[in-house]
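Same chain, two partners: chain A is paired with chain B first, then with chain C.
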Partner chain A sequence: MPDTPEQPIVNQVARLARIHLDEQQLKSSGEKLEQILGFVSQLEQIELPKDVIPFFGAIESVNAIRDDQLQTSVPREKILDNAPESDGEFYLVPPVFKPTDS
Partner chain B sequence: MEDSVLNSNSNSQSNNRQTVPFNDAKIIIGLEVHVQLDTDSKLFCGCSTRFGEAANSQTCVVCTGMPGALPVINQRALELSIRTGLSLNCRIARSTKWDRKNYFYPDLPKGYQISQFDQPICGPGHLDIQTTEASGQPRRIRIERAHLEEDAGKSIHDESNDRQSSKIDLNRTGTPLLEIVTYPDIRTAAEAKAFLSELKLILNYIDVSDCNMQQGNLRCDANVNLHIPLRGQQIATPIVEIKNLNSFRAVERSITFEAQRQFEGWQENGVTIADAPKQTRGWNDHTQMTTLQREKEDSADYRYFPDPDLIAVKIEETQIKQIRSQLVQLPAILRELLVKEYNLKPDDAAVIVSQGRGVVDYFLTVADGCENSRVANNWIGQEVLRHLNESNQTIQQYPVSHQQFTELLKLVIAGTLDQTRGKEVLNAMVEHSISSEEAIKQLGIKSVDNSELVTLCETLMDENQNVVEQIRSGNEKAIGMLIGKARKKNPNANPGLVKAMLSKMITG
Partner chain C sequence: MTLSALNADVIVDQLNAGDLTATDCVQHFLDRIQTHNADLNAFISVSDTALEQAETIDKRRKAGESLGCLAGLPVAVKDGICVSGQPTTAGSKMLENFSAPYDATIVERLKSAGAIVIGKTNMDEFAMGSSTENSYFGSTTNPWATDRVPGGSSGGSAACVAGRLAPVAIGSDTGGSIRQPASFCGITGLKPTYGRVSRYGLIAFASSLDQIGPMTRTAKESALLMSVIAGFDPRDSTSSKEHVSDALTSLETPLKGIRIGVCRDHLHEGLHWEVKTKINDAISVFKQLGANIEEIELPHSNSAVAAYYIIAPCEASSNLARYDGVRYSFRAQANDLEEMYRNTRGQGFGDEVKQRIILGTYALSSGYYEAYYLKASKVRRLIKQDYDEAFQKVDLILGPTTPTPAFKLGQHTQDPLAMYLADIFTVSANLAGIPAMSVPVEPSSTGLPIGLQLQGRAFEENTLLRAAHQFQNETHWHMTSPAEPWRTQS
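Showing the complex of A and B:
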């Protein structure tokens, strides 16, 4: 299988996303990623005036802000209904032993 | 041939390493402090932030990351962040935005944490800390940035559970945190502790956080490595991020441990910052050691990108001005006030200020009222603080009002009450919540006029002529015996006045 230049990136992203890709998926993902990166590098060639400020969303408005006020939370039994597994109080997940991020 | 060169080379380097004393190594420390902001609701939804409620009773579609739910930023969290930034001399961003930090962990339901990557709400600033350095000069610790982010939930690892699963409580998910990041300007474990103490005190003064470390409202990670001089060069050891620091003592001890561990590791294998990536190690309070958790993920591994669910926040000059105008006096200013205007020793001023604004105000009112800041400090610094400490009360709960306390101190300063009786009166005031006047009455304390004092002294001299002779022949200390006897005859007689009168009557 001829590797696309993006193959190592695909492996890395798949590892970080905790998903397993088979040979076929690896190949097609690499091709898609190559297309996307190609498109972005095309965008990068556009010459912009120096004073253009980048914007980060499709909406140009700012400041959607709420007051610090309590709203009723979703009842526990209802929210836990979404969990693959729970004991009625907690979500149950495969054992994890080392909390690493805060 | 090449091998042998390498070997002899590394051997001689190893020998060189062995000759460097530990004390030559400079410890380089930077801190990342997570502060839980004192809001009622979470950062992006209206769920409560209250601690200790039933598991998973404070979550909604936003903080559990259901598809289609839209986060909206909490006004008070922004305000508290700006207040903190101004108190730490930070530049406040005029425009700030939100980014997703992607990683997988069961207590992070969205698969990403909303944080701030390249436009934090607070830019560079600094905090001056007192150190024990001989110069007495404060040390300036520069702050790199402070950014807002949401907290994760809690994992509970129940080992007795034979189903081999972990339990997740998402109540804390989405609680607002301000992460304050210092430059690596801290040089000793004691300085790290001093920085955290001062930061905690400031956050208390400005009502940003109660900083309860047991509840995890103030959490700290420390980045530590060593700079070691070797043959005119600086060698840097690999940077280690120490996590799980839940007390000041843990911060101090883990840094001390880590410095020693890195030094010994380097002496043994010579590994430097160029050879090894940043490591994450966890502090274990039981073993008093750090242990390897994982190789640190690169910033790129978190694949930060702007959160498309949120829009930028513009902060107006007027808003910053308004928050600045409402800032209270900070601990450093108050310490200076107590030293310069109230003539307290720096250590005494630090004790009063460390108790919070309530105690400072109590002191200022009493010192002004009784016009003697030294006496006010002695009594408040000892009697009041001891009582608050023993009864676990705040100054607001203290049974003696500042007016009553001032009245009591006036009597002590005037000599109407001596120290011992004064303390008896104060104890009665505290115990029965009564005024100094009532306490004096209750204890049967009567003022002793001059003629009574003269009679008392004459009686004492008559009854103890051998002591009087001793004093006359130069043993001035013997007067103490007479004062002890005076106290028994009339407990209301001020020992200072008795002493003055006796020595006048005996030696002229």
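Showing the complex of A and C:
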């Protein structure tokens, strides 16, 4: 099956985003990405006034600063209740490094 | 009149007067959920403590204790909002077994006011969608025509209010997710100003756009809920300290002389002809109420969907990085950490969520950031400036909420762009951070609801609610309910 133009890019981006996609999903995702990028390319046609400042947040407020105060937090056990695997104190994960032959 | 036909403010009055118990009220809506949820799939989960909470409120009332302004009122809450000890899935397999460890601020406030969270409503996965078809837990159907979508992403909240499975509901709106389903289901929905309602405890989709708001039958009910949920919250760093005045007290202030802007470009040829007709009829009602209608221009609004579909996926790709198999209930089998991340995210996310993370990751990656995210953020500035200029001339902007009435289930599932264009009139308010609401107008000739959108200046929700309330004083579309048993509309 021939690649769509965007498929190699999707492969790379999926790797960056840590998402496993099978061959069929890569193809479909590549096609949709191409379609969406084609649509959003209309932004290229907009002539921006010189020095327009990007608007990143709907409220341009100053940073929220407050005094340090000791407050109770959600108990650790309650948070760990949602862990796929824990020893009651810490999250447990598979080996960080791939097992190697020794 | 049956209990499900009553508005929330009337239910509260009856509870306060002792004409109704919270237990009977909650039981009534639990019974309706039991009977109708199989058809509508509006709820993902139903509270198993709601009756117990109702009994406690009844006892406290009987003992003469002072109770909050919503004491005993059942409220449905979108499943992307944390309710302590309750399943909170955001419509995703990733969170299928997640139990919220704390209450969202708005839930805390609702509970303090005595409201009872009766259940969690269905939604597009992580709020990404315009039809609720992207839910891992199956599509919600529209009670007006069960072969049609209820809109999305807060489709469960809209369908449960329209179908009277709950008197009122809470939704969230990132690009139209309160207003578009409100429009499709014939109810009233308000997206408040960004920062007006705390986002603490809302599962993040796009943090600079997300906002929680009421989904109700009437504007008065929305005002009632806003009186409880709006206001500063130190736990949300973008929460506003702007003063909140009680919307309920200004609902009847006459509209005479109010300036309402209409953008003629938004009543263009691509609009469904009946939507155009009914919106023009609604404009006549506002004229009769004393409003001055003026033409305005929003020259960059045509680019809003394109800017939105860069900005929102970019923010989502960052926000959803936390779902890696370590902390939030779902983990796929793997031999090492990297494989765990990839398999968990590959299996735990649905197709649309994966697509948007891919898009956002792509647009933020080295070499593309300026062309996509930065450009879109600059266009966002122009969209905001358009509104700033328009609101020099007018107090409100009026137009359609959606270009068409509810579409059929499956109609747009293979065509992302067609689905994205359902948001064409709603995304701008999120980009600019202004409040906007959808109000039912006369339905189509085939009985499908149509919504009118009102947009206002930042922090002027009360003007929107006042205009919507007085429009509803003159019309009855918001009070009509779909016939039972629910029908299809092929």
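Just so it is clear, the second predicted complex is superposed on the first by the 80 of 102 C-alpha atoms of A that agree within 3 Å, B and C clash if a C-alpha of one lies under 4 Å from a C-alpha of the other, contacts with A are read in each partner's own complex, and residues count from 1 in each chain.
The definition used in the following text is that a contact is a pair of C-beta atoms (placed from the backbone, for glycine too) under 8 Å apart; a residue touches a chain by one contact, two chains touch by 3 or more.
This is a predicted model, so every value here is computed, not measured.
Within the superposed three-chain model, A:67 lies in touch with chain B and out of touch with chain C [touch as defined at top].
Within the superposed three-chain model, A:76 lies in touch with chain B and out of touch with chain C [touch as defined at top].
Once chain A of one complex is fitted onto chain A of the other, the partner contacts of A:29 are limited to chain C, with no touch recorded for chain B. When the shared chain is aligned, chain B and chain C each come close enough to touch A:18. Look at A:96: by the touch rule set out above, it reaches both chain B and chain C.
Put simply, chain A uses residues 13, 16-18, 55-59, 61, 63-64, 66, 74, 79, 82, 85, 91, 93-99 to touch chain B in one complex and chain C in the other. Listed in rising order, the residues of chain B touching chain A in the complex are 34, 39-41, 45-48, 54-61, 64, 66, 72-78, 95, 97, 102-108, 151-152, 155-157, 163-170, 219, 221, 243-244, 280, 282, 293-294, 301, 303, 306, 308, 310-314.
The residues of chain C lying in touch with chain A in their complex are 97-99, 101-102, 194-195, 208-209, 234, 237-238, 240, 300, 303, 306-307, 309-310, 317, 324-331, 334-343, 345-347, 349, 351, 354-355, 357-359, 361-362, 365, 371-372, 374-382, 384, 416-417, 420, 430-433. For chain A in complex with chain B, the residues that touch the partner chain are 13, 16-18, 55-59, 61-74, 76, 79-80, 82, 85, 87, 89-102. Residues 9-10, 13-14, 16-21, 25, 28-29, 32-33, 35-36, 39-40, 42-44, 46, 48-49, 52-59, 61, 63-64, 66, 74, 78-79, 81-85, 91, 93-99 of chain A touch chain C in their complex.
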